[in-house]
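Chain naming follows the written order as A, B and C, and within any one chain the residues start at number 1.
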Amino acid sequence: MKRLGNPIAFGVLVLAVIAAPFIFSNYRTYQLAFVGLYLVALLGLDILTGFTGQISLGHGAFMGIGAYTTTILVVDHGVRDIWTIPLGGVVAGIIGLAFGIPATRFAGPYLALATFAIPLAFIGILKRYPDFTGGNVGKNLPQLHSQLGWHTNPSIWFYVVCWVVALVMLPLAFVIVRGRFGRAMRSVRDSEIAAAANGVSTAGVKTLAFGISAFFCGVAGSLYAIGITYVNPDTFPIDLSILLLVGIVLGGAGSLYGMLFGALFVEFIRISWGPALLNLFSRVHHIDTHAPGSGLVVYGVVLLLVLYAAPAGAAGLARGLAGRPAFLRRKEDPSLSDPGLV
Amino acid sequence: MPALLELSDVTARYGQVVALHGVSLTVEDGEIVALLGANGAGKTTTLRSVSGTVRRSGDVLLGGKRLARATPEVVARHGVAHVPEGRGIFAELTVWENLRMGGYIVRRPDFATVLGYFPWLQERRNQQAGTLSGGEQQMLALARAFLSRPRLLMLDEPSLGLAPLITREVFRVVTELNQKEGLAVLVVEQNAAVALAAAQRGYVLETGRIAVAGSAAELKSNDAVRTAYLGY
Amino acid sequence: MQTFFQTLTTGLSDGSIYGSLALALVLIYKATEVINFAQGEMAMFTTYIAWALMGHGSTFEWWAFFATLGIAFVGGAALQQTVIRPLERASVLTAVMATIALLVILNGLAAWIWSPQLQFFPSPFPTSSWVIGGVHISKQDAGTFGVVMACVLILWLFFRFTKLGLAMRAGALNPGAARLMGVRASWLLALGWGFAAALGAVSGMMVAPTVFLTPNMMQAVLIYAFAAAILGGLESPVGAIAGGLSLGVLLNMLGEYVHPVTTELRLPVALGILLVVLLVKPAGLFGRVVVRRV
């Protein structure tokens, strides 16, 4: 039971998820549906970054792969949208594995650098094969509507779909990080050499973690396509990949429940938190709150301040500083240790 | 006239681990002082608490100037040359570039004098320092330290990994620099016999505290020191 | 044969831009082991400054070019001291995120100050070409290549022959030992960021006439620079330049001679090349495998 995560926390979350549509407007509920799908994406990325220690700046593209899988299956092959959700995950997962096999053989910075190229490469490929992907125009899905014989508001239907998936994926993430494979991932994160010395195949673990994270993001992307009912190359820009990583850091890398906060941040920073902060600033010092780029500046500054004040993210604050995972702790001044060794 | 170097009640720690518990010692101008002790006694930490490469509290005075809060670069600029354990050679730079780094804080480094003591460096000047033998690297580290015109030279285990003959050669040069140039030296050594032969005075550290202090002759005749560190 | 040489010169010109930005990345990586994801946005931002100095006009001014280099240098050093230095003991993830925060802030700031609209940035070189033995060599390409290589050469001379340059190299190799020699390590890191920012400014001002000035203009260039730096082994300045040049030539040749490789596929192909190189030589073409201590 413990392997599925804390049952009380999970119960509280389920109750909150059930209560939300009764409390909030349909529009808010629709936004909260996106929080659910971002949660799925962040859980996946956290398995790679927080638990295996591999930084990826390209996972928005795996959401894109999931979204395009769903779109093409629904629009061109007439598959019912909700059945494409696992397929979106599987396709993204397989492509993630294929990318991970070469990319994860190398330590540290190389992977982060290589992943940075994925979103733009993905967009390039979309534009190159318009017959398949719809090119620059993209593709439209059918209007969002409730299915399976249930008649309700489309927003609520979408909310239910997203959160059912999220509440399945959350215990799944717990199973992954608490099991044998989870131990292998953490040993790779804490010291690749020590892990290898203990017989862990570090490249294998990293590749599999990459594949799993791509699977989660693919599922999230599939939901995303269903929710916004269209996809085109601009739907999954490089900014989305960056935002996902920011969500991990703010939520607290290495904590699964922290991703709830990360998902709220990813959904609301651009549409409401950022503008609200700007309004606050503009009271002190007049600024044009609608100026292009102003939102980005606020979000970058918030990120920087969090890095200084709470490098372990929201989960770190909740846990207190003592519980900070080793890989986030401050190092001794590196230039002071072992000056004699070369 | 204050002592060249004076440590009083210096405590140093690595994270939570306390490595020095209130060490006090002095080095006067122009003398060689040996710092002896077993592994983990705090010899290296004592040197590091002078050069600022470990967090320390207590008083560290160089010619009366307080250095207990100074960073390594500031201590170096006050005239302390620290040759760390493992020598700290820039392996990928050439011999000559290493020497130039030694004279980094000096307006016009006196290469001629140094080459007088280490003539062989001249012909090796374009060799990569990492390809020198251990003894040569130790000599290069000495030459490099001397180029900064230090008031105090601190050597950490100069004999480490060297053959006895080479060790003797290293100490011969150290003694020569001390006698001809008046260079004060604080040397940490496991090889107590060699160190006490060159030094005028010495201290024995045990688990982060000064256990015995005295002139080299006194230490050599001290029974405890003799059995523990000299082996006869 | 004509096409071949023209593709070659365009490739070298593109490659010199990738290489210079890659060199900027390597300078910072060697000194601090931090990948500066904001390198491209720093270049973009300084290019906007150059454009503002030129009065948003249509003629290139060399004085503005050099003034921008100075501003970039000071700005880069200031960023290191204010934003990066407080995090020097933080984890890798935190340090990477800080440079990403810088990326986001500079991108937003540029759009805020100068609007996200596409702007024309003048080129210092005429659009004509020289004809040598039937081969057209564009003055733009030759000029870009020349300017970038001159900057790289100046930087190399600095590192090779000056005391400060030597201290920066020593500090990158063994910061602890360098501090024992009296080197003020933290200031040298700021200096390194300054040089990297100035080098980035060169690549920004050279690439802007062809890609036009927008807040996102360096995104693709940065990725090519990443690829170039990885090809070169991430620790080797020579490798960064060589990696950039070979990537530029290779991509232009593929675009010219392999039909399915259109401009849309340039990036995916670059990523593919990168992955293949990493599979064959995990430490890049010029890097050495470093044995790490536990």
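Following the convention adopted for this analysis, a residue touches a chain if its C-beta (ideal position, glycine included) is under 8 Å from a C-beta of that chain, and two chains touch if they have at least 3 such contacts.
Computed from a prediction, not measured in an experiment: that's the story for all the values here.
> Taking each chain's centre as the average of its Cα atoms, which is closest to the average over all protein Cα atoms shown?
So the chain sitting closest to the middle is C.
> Starting from the Cα centroid of chain B, hunt down the chain whose centroid lies farthest away.
Following the centroid criterion, the farthest chain would be A.
> Taking each chain's centre as its mean C-alpha position, how far apart are chain B and chain C in Å?
Distance between chain centres: 43 Å.
> Just the number, please: Cα centre separation of chain A and chain B in whole Å.
Roughly 54 Å separates the two chain centres.
> Starting from the mean Cα coordinates of chain A and chain C, work out the distance between those two points in Å.
Centres of chain A and chain C (C-alpha means) sit 30 Å apart.
> At least two partner chains per residue is the criterion; list those residues in chain A.
In chain A, residues 332, 336, 338-340, 342 touch at least two other chains, as defined above.
> By residue number and range, which residues of chain C touch two or more other chains?
173-174, 176-177, 179-180, 185
> Where in chain B do residues touch at least two different other chains?
Answer for chain B, listing residues that touch two or more other chains: 53, 72, 84, 88-91.
> Please output the residues of chain B touching chain C within their complex, sorted ascending.
Interface residues on chain B, with respect to chain C: 51, 53, 71-73, 76-77, 81-82, 84, 88-93, 97, 100-102, 104-105, 144, 148.
> Under the touch definition given earlier, write down the residues of chain A that touch chain C in their complex.
Touch residues, chain A against chain C: 49, 55, 57, 99, 102-103, 105-110, 112-114, 116-118, 120-121, 124-125, 127-128, 191, 193-194, 197, 238, 242, 245-246, 249, 253, 291-301, 303-304, 307-308, 311, 327-340, 342.
> What does chain C use to touch chain B in their complex?
Chain C residues touching chain B: 163, 166-167, 169-170, 173-174, 176-185.
> Could you please specify the touching residues of chain C with respect to chain A in the complex?
It is residues 29, 33, 35, 37, 83, 86-94, 96-98, 100-105, 107-113, 115-116, 173-177, 179-180, 185, 215, 219-220, 222-223, 226-227, 229-230, 234, 262, 264-268, 270-271, 274-276, 278-279, 282, 292-294 of chain C that touch chain A.
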